[in-house]
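Note that the chains take the letters A, B, C, D and E in the order they are written out, and that residue 1 is the start of every chain.
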Amino acid sequence: MAQDRLRFFRQARLGPGEIARIRPLTRDNGTSIILPYDQFIEHDCRHFEAESDAGNPDYIMELGTDLGFNAVAVHYGIARRYWTKTEGRIPLIVKVNGKTSIPSDAQALSTATSSVEDAVRIGATGIGYTLYYGSPRQDEDLPQLAAVRRECERYGLPLIVWAYPRGEAIDAKGGKETSYALESAARLAMEMGATIVKSNLPKAAKPDFLKNEKVPKYYRELEEQLQKMDPAAQATERARRVVKASTGIPVLFSGGEGTSAETVVMNATACVNGGCFGFIIGRNMWKRTKPEAKKIVDQLTALLDKA
Amino acid sequence: MAQDRLRFFRQARLGPGEIARIRPLTRDNGTSIILPYDQFIEHDCRHFEAESDAGNPDYIMELGTDLGFNAVAVHYGIARRYWTKTEGRIPLIVKVNGKTSIPSDAQALSTATSSVEDAVRIGATGIGYTLYYGSPRQDEDLPQLAAVRRECERYGLPLIVWAYPRGEAIDAKGGKETSYALESAARLAMEMGATIVKSNLPKAAKPDFLKNEKVPKYYRELEEQLQKMDPAAQATERARRVVKASTGIPVLFSGGEGTSAETVVMNATACVNGGCFGFIIGRNMWKRTKPEAKKIVDQLTALLDKA
Amino acid sequence: MAQDRLRFFRQARLGPGEIARIRPLTRDNGTSIILPYDQFIEHDCRHFEAESDAGNPDYIMELGTDLGFNAVAVHYGIARRYWTKTEGRIPLIVKVNGKTSIPSDAQALSTATSSVEDAVRIGATGIGYTLYYGSPRQDEDLPQLAAVRRECERYGLPLIVWAYPRGEAIDAKGGKETSYALESAARLAMEMGATIVKSNLPKAAKPDFLKNEKVPKYYRELEEQLQKMDPAAQATERARRVVKASTGIPVLFSGGEGTSAETVVMNATACVNGGCFGFIIGRNMWKRTKPEAKKIVDQLTALLDKA
Amino acid sequence: MAQDRLRFFRQARLGPGEIARIRPLTRDNGTSIILPYDQFIEHDCRHFEAESDAGNPDYIMELGTDLGFNAVAVHYGIARRYWTKTEGRIPLIVKVNGKTSIPSDAQALSTATSSVEDAVRIGATGIGYTLYYGSPRQDEDLPQLAAVRRECERYGLPLIVWAYPRGEAIDAKGGKETSYALESAARLAMEMGATIVKSNLPKAAKPDFLKNEKVPKYYRELEEQLQKMDPAAQATERARRVVKASTGIPVLFSGGEGTSAETVVMNATACVNGGCFGFIIGRNMWKRTKPEAKKIVDQLTALLDKA
Amino acid sequence: MAQDRLRFFRQARLGPGEIARIRPLTRDNGTSIILPYDQFIEHDCRHFEAESDAGNPDYIMELGTDLGFNAVAVHYGIARRYWTKTEGRIPLIVKVNGKTSIPSDAQALSTATSSVEDAVRIGATGIGYTLYYGSPRQDEDLPQLAAVRRECERYGLPLIVWAYPRGEAIDAKGGKETSYALESAARLAMEMGATIVKSNLPKAAKPDFLKNEKVPKYYRELEEQLQKMDPAAQATERARRVVKASTGIPVLFSGGEGTSAETVVMNATACVNGGCFGFIIGRNMWKRTKPEAKKIVDQLTALLDKA
């Protein structure tokens, strides 16, 4: 008999709509791989440098469909104008908030580019929301997320929270890439009611982190221990800890900035070994040629097949 | 005939829904002991250092049930995903606001992580709200609390106000742990319509408090007198004064940061002697092993039995 | 035939609900004396220094009833929990906004602690609102007051506006106690639609006021003239001018900070001679022993009897 | 046959309610003269210095009626309490926003003292709104005005916009009294949908204006030309240009600060020659004795009769 | 058979209302030329310097009609008062947000001057909205645009987004006229759901742009390449790239500040060669004499005829 397709969602209690919609977002063995394409808001148009037709939403829809992604994640304009042309061939995640990176990130807040109701109306299967953990504007972020979460619950849509440490206060505590920051962000997403957490794979903290008295002692000592491990084991442990911090809420790891195919696969291996639900991988897909993207996807799905 | 189970609620007039829901939140003799588990938002993930499975909400639900707590107090995500799995085995308090401690607390404001209606829908018995007494953003805090209070009244739910002095202005007047600050905070919670006040046991003020002209003369003189008392009597008097400041609104004292079992019990004795309604004690529970937590709970309940 | 009980309300046109509710708020001869008890929010808990059971709302209700006050004015929490226990024995004014004095008053704004609808629901006879004349946050204060005024009109409740100069801008123009500031504040309350204005009796301005070019020439010259008058006549003239500035809207004068019984009565005499509608006097009541408070009330009512 | 009473309103298309309500606001020949009495909010109580009973709203209503004004313009409190006593003898303009001048005007914003619906309910014929052209808080002012304009349209009320340059940014560009600033303000009022524009008569700019590179070259050159004209022609041309900038939306000129009767009439002559619809003149009316005010009104109406 | 009139709208999926309303906004061959007249808010009244009757909205309506423009784009006041007098002779775009340029543009935000519903009510065919790409207040701009977009969708109106880089953060990255800034702005408009993008033709960046490390490397290298091209090819390539960045959403190029007729036509040629949908050209029309404006329009339409 087949593996439980919803096995990553058995630790937390979901609503009936969430459960019904998780199914099309998963692969047979219950894992998932999603193609995000919200980066042109966050990163301006620099991605035109791609070796592919990256700027073209129609190309993205084709890529997502042809390479067997479980969904695309885009802002409303693209969803409304281009995803609709797929006539439902690939499930849709609408990313409902965003911002550019032109102004400083010191007090980052990502605000509404559309609403959950907009997403429901055009046929979305899920919602994406960026939470900036530790930003000085968390007082606006948390109620905004709570309202999105409430709407998701109202319509029965799964909510994927991009759990991103950000801002001057987290910079003063070691930056946005540490295990400390990313575990705490993932945890907050869970406490806020996420259905799925999106995280980045943490990296080793910089040396001064260990002496930074603003950082909890526990995390400084932990960091010291982690850095003694060999790279592969260390990455796996960092991934495993994010999964643990999300506490039963499945974790999708991002692919991060463009890097070598080897690194992508190496990191993905750590994430799978760490117990992740799957991947949200964009730039490493649509900035490569389609055949190269396919090669990576095949490797990732092979990894997930064994998960 | 049995002691009046609602005896702590006879000095203030409650609504019928409040009264009906207070009953399951109390022990036979009318006291209460509640397990809070909202700290992973406020304190990031440092509590993973616990000797227990502290990061796991399922463990917390089990701990609360097994050790006989009258309720758990958690944010909505945990309530929705994990508390629901208890199928009502333990009453639920939904903490409806929160914030991380990554940015500065100078202008602290705790904003919505969910709503009273959310809490009602999933079956909560009560609501928790953090009020930052004396924060420069009180102008946002008071109307927000008034709105939560109104919703509680609308649905007949008891409202527990975490009455916490906080921010740069209270720091300039001796800090958040003085009798001056904590009595005033408890009083404000009552004036805002709390059903129950949650307070910390005040500590002796630092020496410069006595000469701080920003502090009312009455409290400087009081502090001088209190500090002449022996430690146990002083703690009892400090607890008694918070209870008095709450003016008939029952007070739950927090357990505070993790400390030795002896200190926990010593402080709890002072609180009980001071006339408290019970305890909200979290970190000193779920950061210990379960047997050690049980030992403390047993001592606290023995104290409360005599209350 | 008896004096017109509503005589202070004949200069301005009131709505039918306002008129009906003014009656229980007045004495036989149309004057009024109200017991305010909202000060524990504004002044923290320093009033525990009282020689009475001042911290106890039940005591306040008893005091108000026994000494023949026409109403008590309290925040919602006290109204909901304690005033309700009087079962309507004394009329209720709900003070619907407030703030602590822990942060600076430079940009003072008093925000909602409850709503007019809350007050209506529990049986209030009137509403109290603090307007901070001249505060840099007047842009928030005026619309907030306009909304409260509209709700009062909707439900037919009289609105008492605490017309208080406050903030760094008024400090730069002589401070909050001058005739200049208090007359202007009373006038603004009238222009905003108050049913009754609450004012403090102005005091003589400090010497540098006369040379302060930010102050209108008219008021500098006026102040010079006023200061040449003997104290009793000067106080009467200052009171009379506030009454005139309120332009037909009746004025209740506050008792101000605790002071000697003689001073209270002396100031009250000036206020009555100046044409006031009555008094809102709190700290000089509930911080004294009950017999001493009674002595003062008897003197004030004797004064009002002759008004 | 009589002159078209609505002739000033033929260049722009009005709604039926606007048209019906303009009629009572006009004189037989289609011009208008309105008595504003909103200044006690803006200018504190300094106007008590008047030689008349200026502080008394009843006096103002009498003055307006006796001297044949087409309407009074007041804030809601006065409208509600005193204008209602006229039982409709004189049409009412409710001024729906305001502020004191106690804090700095650098970032001026005038916020709601009442609403259009309030005004409709008590029987107003029109609405007044102060727009602060060029204020750094225009981002709040424009949407607020748009909402008031929408409500006016909803109820069919004419909207008079006080088109006032204000704030630190306009000060840096020559101040609030130049033709540059006042023409631009009048234009903005028109673009926002005003039915009638209220303006001040511009004054000659200060010498450094001509070299101020922040000011458009066109206006610096214009100013140079205007200043070469003789005073009467110059004033007429300045008035004419404001009327032109309002582009078919009729302009009421204000009387400005108290000044000699001769100056008032001289300026009014320029305004009439410039093509104005009429006057909103307050301080030069109610701060004089009634006979003196009458003398001026008679001269203004004589001027308007020839318009 | 005739060319597809809606051919510029075939790449993105539009709603039925959008499609129906695009038709009257286009010329026979599917291109469009629109007359904007919202500049008197943004640029104060300096445009009175025009050689035409530029300040007169009736003149603008006549110009738009006589010269065969496909629509006029104006703020609500002009739409309501003057466009209505055309009785539908020319389609209307209501520009629903605006601001003056009196205060600094460092933190630019353009707020509501009217609403989509206002526009629908008076008979508009489309909506215009200014988006300030990269402004520090994007957190207010994006949700505001999202709400306007939602309303447009609700009523089936096409939404033209003025995609304008603006503010101190974009100034620090080369300013508002670079290909980098304008492509990114156009892209954001598309991602937000624009039906049509309005852009300016980019200009060559200043020399320090190439060394500005805040600018993405890709754009610095691109700029270097572009600057090596001959002027006409360079302009065409810059236009073509904006069109590409808009990704299937048709682009209208603005005429920009007044300049020589030759330059206007030269730039327009580049835009047409770059694949634009048409033009929004205002100042270069209504600031010239009507015959001169006609000459330019004739050249532009000749260009578009070949598009």
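Assume a residue touches a chain if its C-beta (ideal position, glycine included) is under 8 Å from a C-beta of that chain, and two chains touch if they have at least 3 such contacts.
This structure is a prediction, so every number in the text was calculated from the model and none was measured.
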Exercise. What shortest step count links subunit A and subunit C in the network of chain contacts?
Worked result: 2
For this session: Let me have the rounded angstrom distance from the C-alpha centre of subunit A over to the C-alpha centre of subunit B, please.
Result: 35
Exercise. Which whole number of Å gives the spacing of the CA centres of subunit B and subunit D?
Worked result: 57
Exercise. Going by the touch rule set out above, which residues of subunit A reach two or more other chains?
Worked result: none
Exercise. Can you list every chain round the ring, opening with subunit B and moving on to subunit C?
Worked result: B, C, D, E, A
Problem set entry | Touching residues on subunit D, where the partner in the complex is subunit E | 11-14, 133-136, 138-140, 142-143, 146, 149-150, 153, 167, 169-170, 173, 180, 183-184, 187-194, 216, 218-219, 244-245, 247-249
Seminar exercise, completed: Counting only contacts in the complex, subunit D reaches subunit C at residues 40-41, 43-46, 48-49, 55-58, 75-78, 80-82, 84-85, 98-100, 102-104, 109-115, 118
